[in-house]
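Each structure below appears as structure tokens.
Two complexes come next, and they have one chain in common, subunit A, joined by subunit B in the first and subunit C in the second.
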Partner chain A sequence: MIWELDMAILTLVLFCAVGAITVKDLLGAAILFGAYSFMMCLLWAIMGAVDVAFTEASVGAGVSTVFFVAAVFRTTRRTKD
Partner chain B sequence: MSGIVATIIAKYNYWIYICLMMIGLYAMITKRNLIKKIVGMNIFQTAIILFYVSIGAKRGGTIPIIEHAHGGQSHAVEAVHYINPLPHVLMLTAIVVAVATLGVALALAIRIYNRYRTLEEDEILSRIRGS
Partner chain C sequence: MKKLGLLLVILSGALLLYATVDFPLWGDPSSPASLHVSPRYIEKTMEETSVPNIVTAVLADYRGFDTMFETTVIFGAGVVCFLLLRVLGGEEGDHYYRHLPTGVTIHVKGAKGKSLSGEFERIDMLWTPYDLVIKTACRIMIPFIQIYALYVIAHGHHSPGGGFQGGVILGASVILLAISQNLRTALRRIGEKTVGILCAIGVFIYAGTGALCLALGRNFLDYAALASVLGTDPVTARSHGILIVETGVGIAVMATMIWIYNNVSSAGRYDEGL
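Showing the complex of A and B:
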């Protein structure tokens, strides 16, 4: 575990999480959540959990983002908060 | 004083995990949009997965795959050199459960939107009371 890389990606994860819940556009929130999931995947690859990392890359960053984009496409992008 | 600072710095993964968990809880409680609530729920779940994977990580450890497993030479395996794989296996199940709950929650949100034409919680409540 390289702690400088770990620390840098942890701060990116925090920024992506805060951005995903504060942005005033649901499609932007979906894409930022995908970036958050991919940063988490990198974090687990750094920590040596490679099986969790590739499951998260395919399921978390891939399928979840597709689900969110499909749901936003079926409903609306407008949000008040 | 330096002991406390050293402890905080040494366990920084856990502090970030607590911050992420509180971000997810805040989004689930205070956001009025249903999709934002679902994003908060997912952030909460991945924070818990981060906690468990951080438990299993070791400084200087390698990934838990034994080399020459089927070779001729036999050698002793020292568990100190390998990262603990048990939390990883548990968290694989948690990731699959997370994407299943995400699918159900988004399907319910789409049904709610088709009925009330909005995703905002307060507007849905006022329409339920109004009609």
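Showing the complex of A and C:
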């Protein structure tokens, strides 16, 4: 385990998480959430939990992003608050 | 109100961070989990279930109840999406058709039950011309994605993967078809009723395997009971039992992913997708 790589990915996870809840554009939030899931997937893989990483990649970064984009497409793109 | 919420979140977050100090260090060999739980699985899994991937054995055999109710939760998510979003009779309303030889688009009001001749093609309201590259690339990729998904389900004993991941990839291949062409193309391949029934069949396979073990005189989900049915020794029967259960999980997860996508992307009307 290379700690520099670990810290870099952890920083990206934090930025993606904060970005996903603060950004006003919901489509952007969906994409940021997908990026967050992918970074988490990398972290799981670094920690040796390959099964969890696989699930995170397929469910978190793959299908749930599609669901969010579909939901944004059928509702509004801007948040009210 | 917003400030109060922020204060509460920061307070509970700080409390959680403070509590993590008491956790054992990552990979600590003297932590309770490493002393009592993990060695048991690491030493005994191979001789008890003949499954090299310990994660799969723990997931589907030792902790079979957990996985069964996880599958039930996913099934419940699909049913709730259907009940909340589905608009029955949503097929009525305006339809758009495109005359293929000339490219003229026509708008038919109240088109329920009417069908136009083969020169016309039904299109979405926000129709953009199909991109030949996207359509062909997806058509070539989808069979390979599906084969890979089946491999992930069947090879879960030896490598990372299993019913959940394989089912999601299998569902994603159908969703890719719906995105690259349109929702109606995907619905012609795998319809609404098929999806709903498959969803229930997946959970039924899992719970039914457990009930079969109970009927054969062992505990619920103790696959060693299947030895007489499968004609193998109890250790191999546990390995096969995991495969049967993972297949059920895969079917349920695949159907649920397609079901949720269909309902969300068409807002429950099943006419126009993403």
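Rule of thumb we're sticking to: the second predicted complex is superposed on the first by the 79 of 81 C-alpha atoms of A that agree within 3 Å, B and C clash if a C-alpha of one lies under 4 Å from a C-alpha of the other, contacts with A are read in each partner's own complex, and residues count from 1 in each chain.
Here is the rule we use: a residue touches a chain if its C-beta (ideal position, glycine included) is under 8 Å from a C-beta of that chain, and two chains touch if they have at least 3 such contacts.
Just so it is clear, the structure is predicted and the values come from calculations on it, not from any experiment.
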Inset, instruction - Scan A:D51 for contacts with subunit B and subunit C and give back first, second, both or neither. - result: both
Legend entry - Partner chain(s) touched by A:V66 [first = subunit B, second = subunit C, both, neither]: second
Legend entry - Contacts of A:A8 with subunit B and subunit C, given as first, second, both or neither: neither
Legend entry - Which partner, subunit B or subunit C, touches more subunit A residues: B
Inset, instruction - Check the residue A:S37 against both partner chains and state whether it touches subunit B (first), subunit C (second), both, or neither. - result: first
Inset, instruction - Name the residues of subunit A shared by its contacts with subunit B and its contacts with subunit C. - result: 47, 50-51, 55, 59, 63, 67, 70-71, 74
Legend entry - List of subunit B residues in touch with subunit A within their complex: 12-13, 16, 19-20, 23-24, 26-27, 30-33, 35-36, 39-40, 42-43, 46, 49-50, 53-54, 56-59, 61-64, 83, 87-89, 91-92, 95-96, 98-99, 102-103, 106, 109-110, 113, 118-120
Legend entry - Contacting residues of subunit A [partner subunit B, same complex]: 1, 6-7, 10, 13-14, 17-18, 20-21, 26, 29-30, 33, 36-37, 40, 43-44, 47-52, 55-56, 59-60, 63-64, 67-68, 70-72, 74-76, 79-81
Inset, instruction - Spell out the part of subunit A that touches subunit C in their complex, as residue ranges. - result: 47, 50-51, 53-55, 58-59, 62-63, 66-67, 69-71, 73-74
Legend entry - In the complex with subunit A, residue positions of subunit C that touch it: 26, 53, 55-56, 59, 160-162, 164-165, 168-169, 171-172, 175, 179, 257, 260-261, 264-267, 273-274
